[in-house]
Amino acid sequence: MTTLLSVSDLRLSFGGLLAIDGLTFSVNEAEVVSVIGPNGAGKTSAFNCVTGFYRPTAGQIMLRGRSLRGLRPSAVAALGVARTFQNLRLFGELSVLDNVRAGAHLWLRQNVLDALLHTPRYRRSERECTEQAHHWLDFVGLRGDRYGEARHLPYGEQRRVEIARALARRPDLLLLDEPAAGLNHGEKTELLDLIRRIQALGVAIVLIEHDMGLVMEVSERVVVLNFGKEIADGRPEDVRRDPAVIEAYLGSDTHA
Amino acid sequence: MTGVPDTTPEGAPEDTVRSTAADTAESTDGSATAGVARAAAPNEATGETANEAPGPARKTAEVRRRGAGRPPTRASRLLQNRWAGLAGLLLALLAPFVDATPYALSVMTSAAIFVMLAAGLNIVVGYCGLLDLGYVAFFAVGAYTSGVLATRLDLPLVATVPVVIVVTVVAGVVIGAPTLRLRSDYLAIVTLGFGEIIRITANNLDVTGGPSGIYGIPGLAGSPVAFYYLTVVVVALAVLGAARLGRSRIGRAWRFVREDEDAAEAMGVHTYRVKLAAYIAGAVWGGLAGVLFAAHLSAISPGSFTFLQSALVLMAVVLGGMGSVPGVVIGAIVISILPEILRDLADYRFFLFGVLLIAVMLLRPQGLWPARSKEVP
Amino acid sequence: MTQLIWNGLFVGSFYALVALGYSMVYGIIKLLNFAHGDLYMLGAFAGFAILGAVGGVSSSMALPVLLAVLVVTMAVTGLAGVALERIAYRPLRRAPRLSLLITAVGASFALEYGMRAAAGADPRVYPLRLGGSSLEVAGARLTLAQLVLVGVAVVLMIGLNLLVTRTREGRAMRAIALDPTTSSLMGIDVNAVISRTFFIGSALAGAAGVMAGAYYGKIDFLMGFLIGLKAFTAAVIGGIGNIPGTMLGGLVLGLLESFGTFWLGGEWRDVFAFGVLILFLTVRPTGLLGERVTERV
């Protein structure tokens, strides 16, 4: 097992507020790691640090030995990291297919002259781009209209489109921010299956999730955050029994 | 193990579902009423079925339900689009046979140049969502560059075109680089300031002829009719080029930026560079329109490049439909020809334009001929 | 030297007065009210119309009449601002920012050319002119009229500052600026407060318009365009949305222009001002007194 992503001693503060206070974890190739913790524990902030949306105050973020610190989000994406957002961020007024085509932006080979002259290379790359978009929509099992605007799809379907868009990037590392939020039971079961199929493609996944059933089922390791501090990191069954974790979630008797 | 392997997409079953889904897409989409369809509720057929297990029975049911509409082929759709463009071009080419008085030719040539401006601004405002209120600055840069070079160095106007392209690209970078990092509303006012800077500078410098401008700029063609045809051809190419850019990788990136900059960044779109590219493309279109303008009037002065001009081009884009190529062409023709028809209303014309701008935003923000977000399979 | 400073402060107080409306509206609904400069123009014309209706004014009565006209004009432009918000901006408050900006451009156009249609394209001569004696202070020549106008501007700005920092109304404005949704949950009538903000901002612009008309003597339908841009520049220099910052920004811009004109020549004054704007936006977009904001994903 080789390490894909390693985060060490990550710190992030907004003014005086310490959002992340020394987070260390690593993700191996094709591994599923969950980051859990109560609301406001700093999970999404950690995602934003890894993907370049926030500048961490201190610490290291390495992807295959390359530092991601100081890179803008598009540069992080170019190194093979894709993500979804906690509050769906689809391009609402664009077609579903165009949304997924966004994932192809990095690998599509065509330049402005190709586009102006409609060269064979342009036609080929556009065809490939559309085929890939369809492929990933099939992969996530989208049932709704692919040609209409993304915002007209039902919520659960929009979640699928967002994952398809991230997959079309062909990432090595996929960060999913609460993918099960707002999904019903059936959809959650399908999500579980989808995550396993993504993993089978060789993609490593970091998952922020509140649904413990899903987390325990799908993760190989679980990292637990509380008030910006890491309180546990281990196999799901170990973390579940960890007293510090139980205290964070349920509160301890001594304080009650 | 690196990345997702390239699997060959599509099996036959999905294919059928896809083409049928397209039928429903098509049935809600009339090209002129797409904007209304946009506001409609989610597709009923696909609305609340997300939790149903996908099975063959369900698929066939859907196929039946969706098969009702007449399936238009890709070719027929393309033909429609192309027909609209060709019909417009044909109309422009035949117009001189209807009325070839110098006045009519002059109005039509101006309108064609205005179409090119609108197509250029549409790249910036319509595709990329950046409000540029000083677009006329690039028009001025193009017109003055070619005018100064042609009159001072006795160059034929065509020879100035490469220089104009270089100068407008530089102008686009100089104006765009510091401002495109800003919030969109700051950008609007800064571009307005730049428009004024260019105009005042042209007014103050000797090389640009000061307030009286430049006279005796050589033409591009022998007769007004020939020049009109030349303009129509150049403008048609410019419009086609803008449309093609809009459909390509960079054009999609522009729309991603317009819709959601963060999501675009997350997908690897370098939003700053992409915005700069839109800005530069707009600058080149504006600059080349400026060359046509200089050749058309043979004299240019700072008075032709006021904020009023920028606002009129913006109005054409908004009225026609931001992001829609046929829309902005129609918008530009309406804005440039209408005042000629409604001469009696001259005093109220710009007042009415202002009211119209508000009314369009309030009542029909997608414009007369909206951009189609539905795709045709 | 002192003359340059005085000229700068004088012009700067005009900029500050107009910039305040810009800044307040931006602070509360994050809209660049493009038509704001045109409310200044509207104020100048409203004052013109009122003075025309009153008839001839002897020069000894000029000042009291001017102050009375000022108050009426402020009411008129204030209401015009409220109407503008109600008709053109409120329906679009949840629409994309681009739509709102375009609407504001349309409103600016409608006001300018509506006035042109109503009052004609040629400049009008103000029926009341503040002339009067001048005095020398530390080598600078300043006229009584200038002193009075600066005085009025200062009084208005102090009043505004008290309103915003000391009253319930002001607290409501600041609350909405921070978070409109929560404010409405807390029982603040968001629409009413926004209307009042437009009223105050537009009234200040109207006051500046009348004062400019009386001081410079000529008004025309495009007079608001340039000052709108300058006021925006002033607001950005000081920190848009920040009231003391905006006042400071107006004065700083006035001073910069005064010295810039001296060094470069009058024809480059506006280029210089916009250059300063672009420099500020590039180097310090939050302005002199603005706070740095982190945008959240």
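The first chain written gets the first letter, and so on, giving A, B and C; residue counts start at 1 in each chain.
Following the convention adopted for this analysis, a contact is a pair of C-beta atoms (placed from the backbone, for glycine too) under 8 Å apart; a residue touches a chain by one contact, two chains touch by 3 or more.
Because the structure is predicted, anything quoted here is derived from the model rather than measured.
Student: Using the mean of all protein Cα atoms as the middle point, what chain has its own Cα mean nearest that point?
Tutor: Chain closest to the assembly's C-alpha mean: B.
Student: Using mean Cα positions as chain centres, tell me which chain lies farthest from chain A.
Tutor: In terms of C-alpha centroids, the chain at the greatest distance from chain A is C.
Student: Any idea whether A-B or B-C has more C-beta pairs in contact?
Tutor: Spelling it out, more C-beta pairs touch across A-B than across the other pair.
Student: Please report how many Å separate the Cα centroid of chain A from that of chain C, as a whole number.
Tutor: 48
Student: Between chain B and chain C, what's the gap in Å when you average each chain's C-alpha atoms?
Tutor: 34
Student: So which stretches of chain B touch two or more other chains?
Tutor: Within chain B, residues 262 contact more than one other chain.
Student: By residue number and range, which residues of chain A touch two or more other chains?
Tutor: 53, 85, in rising order.
Student: Any chance you could list the residues of chain C touching two or more other chains?
Tutor: Chain C, residues with two or more chain partners: 297.
Student: Enumerate the contact residues on chain B facing chain C in the complex.
Tutor: 125, 129, 131, 133, 178-179, 181-182, 184-186, 188-190, 192-194, 196-197, 200-201, 203-204, 262, 307, 311, 314, 318, 322, 347-351, 353-358, 361-362, 365
Student: Report the residues of chain A in contact with chain B in the complex, numbered from low to high.
Tutor: For chain A paired with chain B, touching residues are 29-30, 51-53, 72-75, 77-78, 80, 82-83, 85, 89-95, 97-98, 101-103, 105-106, 108, 110, 112, 114-116, 118, 122, 125-126, 129, 131-132, 134-135, 138, 141, 143-149, 152-154, 156-157, 165-167, 169-172, 184-187, 201-203.
Student: Could you please specify the touching residues of chain C with respect to chain B in the complex?
Tutor: Residues 30-32, 34, 87-88, 91-92, 95-103, 105-114, 116-117, 225, 229, 232-233, 236, 267-268, 270-271, 274-275, 277-278, 281-282, 285, 297 of chain C touch chain B in their complex.
Student: Quick one: in the complex, what on chain B touches chain A?
Tutor: Going through chain B, the ones touching chain A are 1-7, 9-11, 14, 18, 21-22, 24-25, 28, 38, 40-43, 46-51, 53-54, 241, 244-245, 247-253, 255-256, 259-260, 262-271, 373-377.
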